[in-house]
Amino acid sequence: MTIDYLESLQCPTAAEGRALAFTLARKTIAAIQTDPEVRKKLRPTYAEDTAQLIASSQVVAIEFQTIAMANNFWRDEK
Amino acid sequence: MTIDYLESLQCPTAAEGRALAFTLARKTIAAIQTDPEVRKKLRPTYAEDTAQLIASSQVVAIEFQTIAMANNFWRDEK
Amino acid sequence: MTIDYLESLQCPTAAEGRALAFTLARKTIAAIQTDPEVRKKLRPTYAEDTAQLIASSQVVAIEFQTIAMANNFWRDEK
Amino acid sequence: MTIDYLESLQCPTAAEGRALAFTLARKTIAAIQTDPEVRKKLRPTYAEDTAQLIASSQVVAIEFQTIAMANNFWRDEK
Amino acid sequence: MTIDYLESLQCPTAAEGRALAFTLARKTIAAIQTDPEVRKKLRPTYAEDTAQLIASSQVVAIEFQTIAMANNFWRDEK
Amino acid sequence: MTIDYLESLQCPTAAEGRALAFTLARKTIAAIQTDPEVRKKLRPTYAEDTAQLIASSQVVAIEFQTIAMANNFWRDEK
């Protein structure tokens, strides 16, 4: 397994940290379902299924918590 | 992906932190299902489905935990 | 969104912290499904559905974890 | 809401902390479904449904994490 | 409720900590569904149901997080 | 239960930590469903089921949080 999308958990801003959370969530799906054609076909299934949209949001929330911890919550940024 | 709704995790009060948790949860859905018309159409589906309401509450709870940590739980506020 | 039920995460006792966890969980549902008549109608659905009772318990558990952290786990209370 | 089962999160041993996690999980169900007759009726539903047994285990795991943190993981106990 | 499988959260190695996470997850199921015959009967149901295998993995992951924290992540072990 | 895939939670880089999170998630499934033939047969079921892909992602996210904590979030790495 090659992970080329996570050089570091350090992000200059909270917004960039949030974007990384989305990337991690998306890349995990891609690592399990490696066929891009299948993923493309599956996408409408969950993007119109509210239960799955909510479940996806939860994954993003968990990844973001880790990233926020890693960046000391960007406390000194403001 | 542009994230223009998260300048900082710092919130003056716990109530404002809670509101940010709702915003994050809502914006994640919008980032995955980008079509506002579809989102509008989907809304009644989950707002009357208790299982999905509970699942949404869990996402808010997780986001809030992160925000509360970031603000040192507003310990000095009271 | 007005959040008038969370002035602080500080609670004098663990029991009061637990009660706040229930309040937060309940208020989140109310914030998403804003119609009290609909909520009233939905209540029996989940109160007799064990899967949803368990899912609700999980939300309370997460909220409580945050509140317990905020109060330093009431370590000095006893 | 009266919470008379949580005087403190402090437990002398890890085993007692684990037992408290079960208590918290069980009492939350009872707080949402307040009718003991209904709870009794519902019990077989989930005790023979593996998905719900697993979901219940997750609630216990989360409650226990909070209790373990509160007791500094009983590090000095051994 | 007698808990005779958790004398301590301290484990000499990460691998032993992982094994304890499995034990805790398994014992929780046994504490809720106390009849060993029923558990035996239920086992094939979830061991061939991927959704339930994934849900079980999540419980193990949460228990392990607690155990890893308790052992300071075995940082000094290597 | 023999756990031969987790000598340590220490990983030189965030990417290696992420890979370990996948390993842990995968090995847990294998520990519960021990028959490799059954696992092989089950794989297509969840790799084309978006709800299960999302649930798997959540397990990876939780394992990764633990690993990231163990490595102090690779703060000094960059």
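Note that the chains take the letters A, B, C, D, E and F in the order they are written out, and that residue 1 is the start of every chain.
Note that contacts are C-beta pairs under 8 Å (C-beta built on N, C-alpha and C of every residue); 3 or more make two chains touch, one makes a residue touch a chain.
Keep in mind it's a predicted model, so treat the numbers as computed, not measured.
Undergrad: Name, by label, each chain that touches both members of the pair chain C and chain E.
TA: Output, common partners of chain C and chain E: D.
Undergrad: What are the chains that chain A and chain D both touch?
TA: Common contact partners of chain A and chain D, which must touch each of the two, are absent.
Undergrad: Does the chain A and chain F pair touch with the same residues on each side or with different residues, judged by whether over half of the numbers are shared?
TA: On the two sides of the chain F and chain A interface, the residue numbers are mostly different, under half being shared.
Undergrad: What's the farthest chain from chain F if centres are computed as the mean of the Cα atoms?
TA: Looking at centroid distances, C is the chain farthest away.
Undergrad: What is the chain whose Cα centroid lies farthest from the Cα centroid of chain B?
TA: Comparing chain centres, E lies farthest from chain B.
Undergrad: What angle of turn lays chain B on top of chain C when you fit their CA atoms, given in steps of 5 degrees?
TA: So the copies are related by a turn of 60 degrees.
Undergrad: If you average the Cα atoms of chain B and of chain E to get two centres, how far apart are those centres in Å?
TA: The separation of the two C-alpha centroids amounts to 31 Å.
Undergrad: Quick one: report the Å distance separating chain A from chain C, using the average Cα coordinate of each chain.
TA: Computed value for the inter-centroid distance: 27 Å.
Undergrad: I'd like the Å distance between the centres of chain D and chain E, where a centre is the mean of that chain's Cα atoms.
TA: Roughly 15 Å, centre to centre.
Undergrad: Mind pulling the residue numbers of chain E that touch at least two other chains?
TA: Counting only residues that touch two or more other chains, chain E contributes 51, 55-56, 58, 62, 65, 69.
Undergrad: Based on which chains touch which, is the overall arrangement a line, ring, star, complete graph, or other?
TA: Its topology is that of a ring.
Undergrad: Starting at chain A, then chain F, how do the chains run round the ring?
TA: Read from chain A toward chain F, the cyclic arrangement is A, F, E, D, C, B.
Undergrad: Give every residue of chain A touching chain B within the complex, in rising order.
TA: For this pair, the touching residues of chain A are 13-16, 18-19, 22, 47-48, 50-51, 53-58, 60-62, 64-65, 68-69, 73-75, 77-78.
Undergrad: In their complex, what parts of chain E are in touch with chain D?
TA: Interface residues on the chain E side: 1, 3-4, 6-10, 24-25, 28-29, 31-33, 38, 42, 45-46, 49, 51-52, 55-56, 58-59, 62-63, 65-66, 69-70.
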